[in-house]
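Scrolling down, you'll hit the structures one after another.
Common to both upcoming complexes is subunit A, partnered first by subunit B, then by subunit C.
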Partner chain A sequence: MRIGGRGPFGLVLRRCLAAVWLPTLLAALAGLVLQRAAPPQLADAAAATAAVSSPWLMLPLLVAAIGAAVTAVRFWPPFAAQRPGAETLRRLQRGPLAGNGATIAGALTAQLALTSLVLGALAGSFGAPAARAHVEPRPAREGLLLPGTAPLTFTAADGPVCRTLLLRPHAGLPDGPITATRLEVRADGELLTTAPLACVEDRQLLRFDFAPRSVHELTITATAGTVPLWLPRGAVVLVGDAERPWPLNAALVALIGLVPTFAALALALLGGRVAALPTVTTVVVAILFVSIAGELGPLPAAVRALLRGQWLPASPVFPASIPSLLVGSLAMILSMSWPAGSRR
Partner chain B sequence: MTAAISARQLAVTFAGRGRAAPVRALAPLDLEVTRGRIVGVLGPNGSGKTTLLRVLAGLQRPVAGSVEVLGGAATARAVQRRVGYQPEGPLPIGVLSAPEYLAYVGAELGLPDAEADARAHRLLTRLDLLGAGRRWIGTFSTGMQKRTALAAALLGDPELLLLDEPTSGLDPFGSELVMQILRERKAAGCAVLMASHHLLEVEALCDEVLVLQGGVLRARGTLDELLATGDRALVLRGLDDRALQELAAAARARGGEVVGIEAKHRHLFALFRRLAGAEAAGHRGDRDGAGA
Partner chain C sequence: MMSRVPPIVAACAGLGAAALVPPTPDVGREVAAWAARPAVLPFAWGAFTEARDAGDGDEVFARGQQILRLLPTWTDGHQAFACDYALRERQPAADAEARQLDAERRLQVAMSWLDAARATAGRREIDLLQTLVMLPEIAARQTPGLHERLARHGGAERTDRWLAEAERRFPTAAVREMRTFFGPRLAANMLTAGNRDGALLVLDTAITRSADVRDRALADEWAMRLREVVRALRGETVDLTAVHADPRFAPLLPFLR
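And now, the complex of A and B:
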């Protein structure tokens, strides 16, 4: 009999795929049906387009993450050091991580495979546009924008070739009657659009396309109206012209989705030195639920970026995953330096 | 002959939980096991048998004394790979088939895949586990799990076997098979240290016995040293009671003591084997009849 993947990595990968593919598929189908049955209610559907996502795409991602993590924990006895067989495996295993690193890598690879497929297959159905780089030009100064005040200037260092501008200003209360503030936007001195741009609500999205061009400097001027506007960092976004491969973007989201699972499994490994299997399993599920469904981890932001057509490498999503990564790494280091099996 | 195990004043104490006093698991103990011998470790539950095996397997650090296994430290990876260890309890990964589990063990022992598969096939055949096919070992009976664990312990062709209750939960045939395999390993020069509650098996198999109680070594020695009474038995067949009484009187007249006259019966294993053999023959007959 030919047996492939003999080490913990191959064993856990196979076991996770075998145990989790069906629940993930069912969750993906359920998510699709629910998204169709309960679409998000939009005040301005034309402006929002794909920037709006319903929560249902998170469902298969949550199922895949929890399924892979729990399968790994139940499969590999050293996740609960007092479990029968744990010390037998510790004795067999080589290396400083004693097979635990390979086990975690196996679970993460299974999750990556499943979630890449889910995201690749479903992102289009959920309305994700083509992926493009989103660039946040830096404001030269911060200030309120009102007719008569100095224009606000934003610079994009590399002068990327762009085709769309997104504005989402913060709005304040005027002294007098409320009249929408009209804006004029110039790129390197040239008017970007002649279409009317008026803002009256706080964080109202203003979106317009223009002929693709390189943009080094944006100048925004208030020409009329009474609503004071403020454009902090992130309120002005240029969308690049070059279309990026969306399957790769989906795969990057799946990659970010591994971070909470890594942290949960590393913490489980650490906690498992003293805790029993049910406790460890509960902790893993709780961490992943809070991180994904509770939006404490980086995955929900990454999914939103995918559904908004943001090219992940140019977005701030990756830096946002660093804290979870650090927590997981610290837990791994502590579990390595805590000798197991010293107590009977 | 070089010693497979050499321990001097080996002692193990477990820290008490909370304010509880420390628990002495093994009082200072000297132990020497040479290659090509089977040594049984006997004692009631909690007597320190498993602790002794765990120390020798490199899983438990002693608080005092020294121990050498195959000429090295019990915790050294190179030594551990030459020692087959069969712990008590269930197998670690229940959702693998027996061939998958042995393939995993072989990989961790550093065996080439083809070599590991060939050895695994031989062991599974010998231990009558091939029929289990791709069934998960977690679904195996206790006896099948024990045999799988023994196969894993034997996979690396070890020079020392540490076995914790290797025959508990096995049927008589399984026990006999395990004992036969251990005798073969002994003949090949392997040292075996086995903890057991099965006194008859220890008596039939072991060259030497240690008896532990409360972590203290109470007795040690060969079976002859420990069990010899000086009595000798004469087994007779075909005499009636009167003739036996006459023989007993003659023995007394020669200065002997007649301890008792009792009917000798076969060992239960013989009956078990005869019944099982008859049943197997019956099944063969049924199949032959059906085929005709």
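And now, the complex of A and C:
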């Protein structure tokens, strides 16, 4: 990889930026117009307006990812079989990947540059809130919560300073006529709220704020009602008090957006050992569409976390990227160990 | 080579039709929505489901609004999303004043949404008007003190206005009585939205409204059926033979098995 600009990295980077900036800009403008055209009608619109803007933010990200990946595949001949000039480039570039690794790096860098700008501009105008860490305390034991049963305790490592608690219990079949189960929540022995907390529906959200305090241990007790509640990991979430700047969160989303593109290009590279350009291009577009628009990859969850004000490093989005990264890495390794033209 | 005549004839016919009956902006919007629906609705429903699992009540209603903008004539959807929003507390509050204020704001937003949806409801507009009349009463049952608060802010006049509008638009002596018979369908919409408490409030209101029915024998029998449904939804063992035999309860039957 020659960073000077004459190697595949620099060439692909420049080509991708030149080819994709305009479609990305148009998609961003279209997203902005569509978001402004139909604002939600709510009692407190500020927070939800950002949260429901995810489709309009995804649109330019999808265009940038597909545009950069397709441009790279079409620009660099060794990416697909039977392309004019591919053999010459393979001899010139040497190495197991024949410059394809640098090509992928160039496309990813172009996408990162474009999506960072788009996310910076659009997320701000959509009203992305400052990010707060969402901590999932660990249950000491799992069990059903009913009046008369032992309270459930949850422990949060390091005792983060928090200000909001989100409870989303699973509800079971009632033990007699349905009466909402009332809950009492204590943090390190102190009652967190005097507001009535009652749950009757499955996955019903109970959310309340409290004065910021460090929380090491949460104790949840059922005081009345007939609906048994189950609180597995993830059903209890503590929201941190410290605010993190959303632009940093947006930069992390741009980074996560590279994962599906990397996986798509790596798989296309592997397929390109035997497949021609139209097939390779179709594979890239299909993988990116399914993983971004079809929500199989980590990007949609990351965008929603950004717009809901969840601090990404403390969210499950990063672990969710690992399967895509592994698939991409495996495809790259297979491509290296299966050089192009080995069939002949 | 394909003949160019058919496309030219088709284009001329299209222009002629447009000249004779100029398309309005509403028609343009409807055509755009018709074209966008197949591509957008699956993703919109996916986002709505995700919001119900991981978002809050505001986000759920806002995602619902995105769906309803694509399906403006779906009155059941308008009722279900708007009533669910109005009757689902956003945050438990110890302070009664704060609860009432929040409930009133949610109610106003929901009613404003339902009022706007009337323009595209066609012959189902009466359903939306009945919901507009009933919703403040249902919400007042849920939040103590809301009735008085609404009364201070002209709530009774607003309800009367919607009822008068329903009678004006659908001039029949039964409009006032229809509120109680409208209860099962609205309750079924609430149950579909996953709001059992809201459905029970709707049915309780329908039982109260059965007093409007002039035929007392019919009213008593209807109220009895509604009470049976309420008891069944509360988890009690009830003989529902009469409810199953009554076609007016058909929307509720899937939730009574």
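By definition in this document, the second predicted complex is superposed on the first by the 308 of 344 C-alpha atoms of A that agree within 3 Å, B and C clash if a C-alpha of one lies under 4 Å from a C-alpha of the other, contacts with A are read in each partner's own complex, and residues count from 1 in each chain.
Here, a residue touches a chain if its C-beta (ideal position, glycine included) is under 8 Å from a C-beta of that chain, and two chains touch if they have at least 3 such contacts.
Keep in mind that what you see is a predicted model, and the values were worked out from it rather than measured.
Legend: residue contacts after superposition of the two complexes on their common chain; A:I322 is shown touching neither subunit B nor subunit C.
Which of subunit B and subunit C touches more residues of subunit A: that partner is C.
In the overlay built on the shared chain, the residue A:L11 is in contact with subunit B alone; subunit C does not reach it.
In the superposition on chain A, A:P84 contacts subunit B only, with no contact to subunit C. Contacts of A:R304 after superposition on the shared chain: subunit C is touched, whereas subunit B is not. Contacts of A:L92 after superposition on the shared chain: subunit B is touched, whereas subunit C is not. Residue contacts after overlaying the shared chain place A:R203 against subunit C, while subunit B stays out of touching range.
In the superposition on chain A, contact of A:I178 is made with subunit C only, not with subunit B. Looking at the shared chain after the overlay, A:E295 reaches subunit C, while subunit B stays out of its contact range. Within the superposed three-chain model, A:F75 lies in touch with subunit B and out of touch with subunit C [touch as defined at top]. The intersection of subunit A residues touching subunit B with those touching subunit C, taken from the two complexes, is empty. The touching residues of subunit A, counted against subunit B in their complex, run 1, 3, 6-8, 11, 15, 75-77, 84-94, 99, 341-344.
Taken in their complex, subunit A has these residues touching subunit C: 38, 40-45, 47-49, 51-52, 54-55, 174, 176-178, 180, 193-198, 200-203, 205-209, 226, 293, 295, 304, 308.
Residue ranges of subunit B in contact with subunit A, taken from their complex: 14-15, 25, 51, 54, 57-61, 77, 80, 85, 87, 89-93, 95-96, 99-100, 103-109, 113, 116-117. Subunit C makes touch with subunit A in their complex at residues 43-44, 46-47, 50-59, 61-63, 65-66, 69, 90-94, 102, 105-106, 108-109, 112-113, 194-197, 233-236.
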